[in-house]
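Same chain, two partners: subunit A is paired with subunit B first, then with subunit C.
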Partner chain A sequence: MERLQAIDRRWIFLFIMLAVVIPLAFDLTIDEVATPEVQAIYDRIEALPPGSNVLLPFDYGPESEPELQPMADSYVRHLCRRKQKLFFMCLWPTGQAQTLKTVDQVLEQEFSDYSYGRDYVMLGFRPGGQGVIQVVVTDFRTLYQSDVEGTPIDEIPMMQNVKGLKDMDLILNISGGFPGLKEWIQFGGDRTGVPVAGGVTAVQAPLLYPYYPRQLSGIMGGLKAAAEYESLLIQGYSEAYGTETERFAAIRRMGPQTLAHLVIILFLVVGNVAYFASRGSSGERLKSLEK
Partner chain B sequence: MNEQTRRFLVVGAVGLVVVFALVWSALGQMEGFWVSGSALGAWFAAFLTLSILSFLYDDNPFYRFAESLFIGVSAGYWMVQGIWQQLIPNMLGRLAPGFVNEHLAQVPLEVDPVDRGMALVQLVLGCLLLWRLAPKGTWIARWPLAVIVGWAAGTNLTRYLVSDFTKQVSPALIPLVEPSQTAFLGIDWIGTLTALVTVFGLLAALIYFFFSVEHKGFLGQVSRGGIWILMITFGAAFGYTVMGRIALLVGRMEFLFVDWLQVIGP
Partner chain C sequence: MRRQIPLLITFAVGVIMLFEAFIPHPPFDQLNESLSITFDVLAAFAFVLGGGNLAKIHLSKISRSEPGWGYSAVTMAGFFLMLAIGLFKVGGPSGIKHALEAEGSWFQAAYDYCFLPLSATTFSLLAFFVASASYRAFRAKNREATLLLIAALIILLGRTLVGTALTETLPGSLELLFGALLAYLAWEQFRSKRWISLSLIGTVAAFVLARTLYGYLILAGGGDFYLLTVPDLVNWIMVVPQLAGQRAIMIGICLGIISMSLRLILGVERSYLGSDND
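Our next item is the complex of A and B:
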């Protein structure tokens, strides 16, 4: 038991690595059932009439891509299936590259009928964090005179009837930290009454749950929630995705994630058993010494 | 195991992976770094990933190189972002729009006089902030700092008060018993349990932070309950953190085995 307690931490790292690589190699996947807060986002998008304005602030970077990119891809897939108008923007400079990734790999590949300027627009990054949200609440044009390609905003057809944040029907944020979903609730949703929902890294999720369901229409925390959303998409649009689950990254990653969690739980149990067992034996030894 | 042996092991392990990758790419099973620019980028990314992961074994020169490179690139990236996204369009672009438009970046040529005045104030405050580096009068840098702190406090105060206080109080004032038409005794038992945990959990946690009265007797018991609530919250947060970190590891392993080595199919 004492040997178990003194196990080299590097053995644990090795086991975790194997727990991640083996399910990847054998394509181990797990059936996901959507939790109410994930289902709420799906239902909210389903309930929007076609042609609604949806703001997609992508506030994250490559460091949180494994968790958040599947959410971004799923949102865009779902919104395009529902024929909504997409307004991409970001409060993080790295968010623009992530937006481009989704646009290149999902929107342009799978939805060729979507046209830039008519169905979607990339407003790009503006510095200022929550200050940007405060400004766009009243008027996008104060900060966005042009889009990412330098086209004047007034020449973009889908911006003709959009002045400020109140003209949006939904704010669907993806957040890797500050500024992110919390700021969109505080400075955007709560001020304008526009519903806010979004996906965040697992680390942030517990801090955002108190806003659900009154200030936050739905929340997706980490890879697990991303996989739940993907499974909802597969169920809801089985004619499009029924046989092509390999494009859904979060479902693919949940196999390694689950096995790694099991290994961690196993080590926790073994560590605690070894600790209490050795404490018991050392206590008995002390008693025998006292005698 | 001495320091030299540890280093030898790390270098040997990284070397082994590189040799395997070279042989693997020579056999045509994966893209060699000589094939294209993107392949070279993938090889370098793989090298940096392995260098960072090598720290799990022990500290070593590969890890320190990757760490220093990351810090340097990050600092450079944010500096360039600051210059091209803030200083040039928001300040210089308002002070000298003609010059900026001609030589640096596309900005509106017509600038409101108030905006120009504000840009001038920003320039002065920015210079005062840099005064900290001067040998004398470093206190001058406190003035722009005071403006920054004041702006942040003013901007955030009202929003935090509304979103994180008033709007959070009303959801906590909920009925303790959830009625139901169909459930046993006309009570939604799950909903009721949730309401009880929410209300009593909130009260217990608040009482734990109420230090004006000594935590003895009934108050002490409730306060201990508050500690349990806090511990469960921290546990949930830690569980989420573990999930997040494992997700990042999965992402890196996918990159190494699927995108780079191509030993696992996409």
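Our next item is the complex of A and C:
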């Protein structure tokens, strides 16, 4: 049992690798049932009338892309199906590249009727974190004189009737840390009354639960929540997606995550059994020595 | 005088920001916006400062051939390469107006084919180390560690569909058995006159039994009993004990921030000015 406790960590690495590789190789997918926090975001978007202004701050980078990119893609798919106007911006320098990824791979590929400037705009990155939020509360033009392409804001048709954050109907943030969803709640949503919802990494999610449901309309934590949202989209728009899961990255990634979690659980159980067994045997040895 | 002016500025700015939170009208809202813009401009300069600091540390490491200087060389090569292709917009349309991410831009190519896979790989390695560390460290050595271990196991199970599959078909009798077991434990506490344990276990037992019986008698079949299904147990852990802990931490942090802010505004806390010898 003591040998089991001091197992070479390379064995653990091997098991984790197999747990990730096997479901990917066999394309193991799992349907998810949405939790109330995820369902709330879906319902909030469904309730918005077509043509509503939705701000999409993408505040994350490549390190959290596997968890967060599926959320970004799902939000854009859902919003485009509902014919909403999308305003992309970011507080992270890496956020613009992530935005571009969703725009290139989802918006432009799947929604060819969406045109830049009329239905969506990319405002890009500005430094300052929560300072940027405080400024755009009253006026976007103070910090954004032009979009990422260099086009003056006033020449963009969909910016004509937009002054500040108060002109938004929903703030849908995706965040991998600071500044992120918490700052959008505190400096954006609370000050303007615009509903805030969004997705974060699984590690961050517990920190945001105190804001749900009063200051945060809905919350998605990690890959599982992203997969739940994708399942909702497939159910809600079955005429568009049918039973197809090819384009839904989170559902496909849940297979490896599920198996990896099970391997960790197994190791936790084995480790504790070995610990108690070795403790018991060393206790017996002590007793025999005392005798 | 060297100290009074910064203290005065801190006091004035602090008071303006404080008033603006309660009076969002002119002139306070305008002042707040101006100060926020100033902050954003300063934040942009922080990038230059950060880059300069990074270069200073690594270049001195390389010039002195310190252990691990090779890593510094790679860092500097990556830093200057990205800086150059970003500043001069290599590959893409030139001019300050055009986006860094424009078609054909080397910067975007470097981001997509170098930075993105390297970052994702580094982050993914965490899965292996988390598995290894949890195997060694997550032991039920005492009461607190056992509680943490049980909560972690439930959350881990709940993050997979296995948790649902394992518990969604649990027979109602098992729920009743669980309630009965808790009631027996409560009875044992009563006999041993352990009143605190009795009140805790007794409350949980009463709750479990009441919910089970409610399910059977009112809803016919125990359909409303949720506590024993892993996903709902996970939800309960997240929105009750976890939330309570988070709120306590947040309130503590906020009180700390308020007290520190007041100390800064009133000039009690002066460490940010540096020492007198500077």
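The rule is short, and it goes like this: the second predicted complex is superposed on the first by the 290 of 291 C-alpha atoms of A that agree within 3 Å, B and C clash if a C-alpha of one lies under 4 Å from a C-alpha of the other, contacts with A are read in each partner's own complex, and residues count from 1 in each chain.
Note that in this section a contact is a pair of C-beta atoms (placed from the backbone, for glycine too) under 8 Å apart; a residue touches a chain by one contact, two chains touch by 3 or more.
For clarity, every value in this text was computed on a predicted model and none was experimentally measured.
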First (subunit B), second (subunit C), both or neither touched by A:Q109: neither
Subunit B versus subunit C as contact partner of A:I16, first or second or both or neither: both
Residues of subunit A touched, compared between subunit B and subunit C (which is higher): C
Touching partner for A:E149 - first (subunit B), second (subunit C), both, neither: second
Which superposed partner A:Q235 touches (first subunit B, second subunit C, both, neither): neither
Touching partner for A:G61 - first (subunit B), second (subunit C), both, neither: second
Partner chain in contact with A:E246 - subunit B first, subunit C second, else both or neither: first
Partner chain(s) touched by A:Y275 [first = subunit B, second = subunit C, both, neither]: second
First (subunit B), second (subunit C), both or neither touched by A:A25: first
Touched partner set for A:Q160, first subunit B, second subunit C, both or neither: neither
Set of subunit A residues, in rising order, touched by both subunit B and subunit C: 13, 16-17, 20, 63-66, 126-127, 131, 134, 146, 150, 191, 202, 206-207, 210, 222, 224, 257, 260-261, 264
Sites on subunit B touched by subunit A in the complex: 56-57, 81, 85-86, 90, 106, 108, 155-156, 159-160, 162-164, 167-168, 170-171, 233, 236-237, 240-244, 246-254, 257-258, 264-266
Contact footprint of subunit C on subunit A as seen in their complex: 7, 9, 12-13, 15-17, 20, 30-33, 35-36, 61-66, 94, 96-97, 100, 124, 126-129, 131-132, 134-135, 138-139, 142-143, 146, 148-150, 191, 202, 206-207, 209-210, 222, 224, 254, 257-258, 260-265, 267-268, 270-272, 275-276
Sites on subunit A touched by subunit B in the complex: 10, 13, 16-17, 20-21, 24-25, 27, 63-67, 93, 125-127, 130-131, 134, 145-146, 150, 185-187, 190-191, 201-203, 205-207, 210-211, 214-215, 221-224, 246, 253, 256-257, 260-261, 264
In the complex with subunit A, residue positions of subunit C that touch it: 24, 29, 32-33, 36-37, 39-40, 43-44, 46-47, 95-101, 108, 111-112, 115-117, 119-120, 122-124, 127-128, 130-132, 134-136, 138-141, 149, 152-153, 156-157, 159-162, 164, 231, 235, 238-239, 242-243, 246-247, 250
